[in-house]
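Chain naming follows the written order as A, B, C and D, and within any one chain the residues start at number 1.
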Amino acid sequence: MDRFIYADNAATTRIYPEVLEKMMPFLTEQYGNPSSLYSFGQNARQAIDEARDTVAECMNCRFDEVFFTSGGSEADNWAIRMTAEALAKKGKKHIVSSVFEHHAVLHTLKALEKQGFEITLLPVYENGLVRVEDVRNAIRPDTSLVTIMFANNEIGTIQPIPEIGAVCREKGVLFHTDAVQAVGHIPVDFAGMNIDMLSMSAHKFHGPKGVGALLIRRGLRFPSLIEGGAQEKGRRAGTENTAGIVGLAHALKMTCSEMEKITPSLIERRDRLINGLLERVERSRLNGDPVKRLPGNLNISFEGVEGESLLLLLDDKGICASSGSACTSGSLDPSHVLLSIGLPHAIAHGSLRLTISGDTTDEDVDTLLEVIPPIINRLRSFSPVWEKITKGEHYE
Amino acid sequence: MDRFIYADNAATTRIYPEVLEKMMPFLTEQYGNPSSLYSFGQNARQAIDEARDTVAECMNCRFDEVFFTSGGSEADNWAIRMTAEALAKKGKKHIVSSVFEHHAVLHTLKALEKQGFEITLLPVYENGLVRVEDVRNAIRPDTSLVTIMFANNEIGTIQPIPEIGAVCREKGVLFHTDAVQAVGHIPVDFAGMNIDMLSMSAHKFHGPKGVGALLIRRGLRFPSLIEGGAQEKGRRAGTENTAGIVGLAHALKMTCSEMEKITPSLIERRDRLINGLLERVERSRLNGDPVKRLPGNLNISFEGVEGESLLLLLDDKGICASSGSACTSGSLDPSHVLLSIGLPHAIAHGSLRLTISGDTTDEDVDTLLEVIPPIINRLRSFSPVWEKITKGEHYE
Amino acid sequence: MAQYYSDMVMEHFTNPRNVGELEDADGVGEIGNAKCGDIMKMYIKVKDGHISDVKFKTFGCGSAIATSSIATEMIKGKTIEEALKLSNKAVVEALGGLPPHKIHCSVLAEQSIKAAIADYYRRQGVDPTPLVGELHDPDEKICEL
Amino acid sequence: MAQYYSDMVMEHFTNPRNVGELEDADGVGEIGNAKCGDIMKMYIKVKDGHISDVKFKTFGCGSAIATSSIATEMIKGKTIEEALKLSNKAVVEALGGLPPHKIHCSVLAEQSIKAAIADYYRRQGVDPTPLVGELHDPDEKICEL
């Protein structure tokens, strides 16, 4: 193994040591239950209160709009399923979303569809962007909810959230956004973007795994997904994961405050990678809008190459990356995201996602640009698909 | 503060340092996503696989019967809500449970009741025990599920789980048990006790907060509570909390292997506390069966005293304890558990729960026996209720 | 160490002032209900229209005891009229705040003082209602009796 | 370091044997579909009823490449009859196992060898079907074409 380059920050991120440091007391001596009356429990309660304040400050929401969950998936399920069920009682059984949402959203919608809900999935076009007018046109009198992700996890495209939110407000429809890939990476302003509910997950912004939050606009009431004790003002039961919550808040604070500083160099490195790979590798293409995308995300398809084998060879060189190949998803179809932007199956199989972070150095970029093209060439050298391509045969 | 005595282990427990040690790699350098293909992710995958094997071994279940969750509440909600909804499609809309279940169960049942399910809550009598014959009699042709807790969280009584399970098997009804208070404290044998689903929570047995598990008997299929990615064989979505899962498994292994050794001395100390307090404090009574109870649990009511003020004075002496007083629950009624065993409200308000652990020493027991009676006496000295009691007046 | 209650509540809870009974009280008032977990009993002595002495007994949570304690301090030596003006808000403020669901404890304190004064008037052969107003037990609203 | 695949799969994936084409192949077989993410193409040379040389080209995941590689090793030098007996199970075993949803790769390998032999027979003017059997593409079952 040459060197270790972690270029899969959309999958998960390292916990910042400063974050872990804040968590440590609650993994060791400060183990009190935050619901306990005695001061030993109240120490944990206070830490959670402070974490809630921190989240509120970073997200521009009120502290009583923050509800901690076990992660992004729970937040998505809770927001969508429970508002859907609540509003179904008022005869509203139609939900608008997009074709390239995360499975935490899409599978929840599918479950609701089985229960008799009607789902409209908007297209995202070649650039991977939802069109505000499509949202407007999709909303019907019986629409309860619009749920559109803030930024896509595979191709990194950033959706016109404030504009979609404005349409929803105008139409009197609830608006949820899965901001799991956005929070900590680009500015997200809960109060200022017409958002009613927002999901986030700590491990995507250098916090711990297994903790997230759903922001819920004040006054908006719907049932709990997890019923039980009176935690989170009775809306999300379960003994609080104090360490996780403290970690989430501190990671959010750190990433939001470093964002402005690191974004320009992140974008520069991302674009150097994009341009370098497109230049060095023939028959490659960038997936998703080149500008309206997360500062750390690039997603490129290489014709004639299959993604999983590419990842394995990269792994062999100490590089962690991701692909939309069917083989890596455990499913048999390539990524629904890549198909949603019109990529043919055969090309979707050959995609590579690199998601860099503030840790990624210029040398890392150099190494990636050095290592990837020969690997592509090698795989192509024994690819019957590449053979067809070079012979000008149809292969898709 | 004199010394620190943590006697609230039913609320939560300290993480064993050995457990944290096993978790640490996954909170630091081993942050890979277990779903990632590269070896850096597969390291985490392997740790989770090993954790699953450990849980299977400790619980006497198969590794593919273990599904990690965010805690006991999620496990309870998932098991109950989702089997209920699945079986409702077959016309089975009746559920049997008991009056003194944890709120994670009772509130889930209440939510189902609102959706049109019928719930039978069995009594638990003065000793705090469900009667097997009551379960048998409550099961109807349209009963889908019986859910009875393994051990009660307030009064520590241990239910006849294998016998209830046998009745359920005989009647062809699913059986779930909330074993959050039992696992790691008394022997629990998934395969040997006729259990179909079992909930546990790591922080109750010296593991971390925010992680638990639902055991689901092989072949039993019902929808997910949290839909999304393919984690946990597609049945519980969300990026795995590797550190938490590893912590749960190691804590389970440690507590299950130390159980036999520490239980006798735990029972001895518990009984010395019970007898000592009943002797030293007039008009006090033990709540719940004296024998069929968790080795570390005692719950005593002191007439004429209110629980919250008792806890605060104990806190002042460095003692962490719990009470069924309304004031400590955030609700206005005293503990539904204490009412369920027939305690009058006024007496339920004056209850004290001490839950000791292997950490509790003989000196701790001495201190508790020394400190508690004078505090009771002090509170009684200015209690108008105590005044009535001593004057023989009615006060309830 | 973090605390559930403010410092002032803890101070009055751990060192309650004017605890006990007055054997020769001129008025005694009791508000609350054991079933609801709160009873306050106030004893007052009245001299020249002033509360010359006051004691209390309370069954209840920390804030119930603290509110009783501080309320007795706040009326001791005051005229009856002044004592009648003691509002639960003033009690809450003097304690540096109470958790929201504990506010009823301050109402208990206010009302139990009024009950003791009403008892005093009654013993004087005076109808207390025009002077003291209707008494009410906050527990009646928040606890199913 | 933990690995997704067995050591043997990784060995054959990272150092695949018999990679490439045979310009003067006696038989060429291709199974799979780019749409499904898997294509295997086998080239064989036949001499005296033996597979005297074999090469492959594969587009596909790690296990597709590894199964192609090991399968070519397993038939090289063997008689055609022996090569036809190569089962996907034998390939899986030789690799020390495959993840469950990768088993179809071993079927691809088995079938692409059969396809190459069928092609060889066809070039010899022999109807391959009675000798080779029906060929099938596992992708047809698992991937919507």
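Criterion: a contact is a pair of C-beta atoms (placed from the backbone, for glycine too) under 8 Å apart; a residue touches a chain by one contact, two chains touch by 3 or more.
Keep in mind it's a predicted model, so treat the numbers as computed, not measured.
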item: Chain D and chain C - chains in contact with each; value: A, B
item: Most widely separated chain from chain B, with each centre as the mean of CA atoms; value: D
item: Cα-centroid distance, chain A relative to chain D, in whole angstrom; value: 39
item: Chain A and chain B, separation of their C-alpha mean positions in angstrom; value: 34
item: Whole-Å separation of chain centres (CA-atom averages), chain B against chain D; value: 56
item: Where chain C touches two or more other chains, by residue; value: 4
item: Set of chain A residues in contact with two or more other chains; value: 37-40, 308, 312, 330
item: Residue numbers on chain B that touch chain D, as the complex places them; value: 37-40, 42-43, 45-46
item: Sites on chain A touched by chain B in the complex; value: 4, 6, 8, 11-15, 17, 20, 23, 27-29, 31-33, 35-41, 69-74, 76-77, 102-105, 107-108, 110-111, 201, 203, 208-211, 223-230, 237-244, 308, 311-312, 314-315, 319-322, 328-331
item: Touching residues on chain C, where the partner in the complex is chain A; value: 1-4
item: List of chain A residues in touch with chain D within their complex; value: 304-306, 308-309, 312-313, 316, 325-327, 330, 332-334, 344-346, 349, 381-388, 395-396
item: Chain A-facing residues of chain D, complex; value: 4-5, 10, 13-14, 16, 19-21, 30, 34-41, 56-62, 64-65, 101-102, 142-144
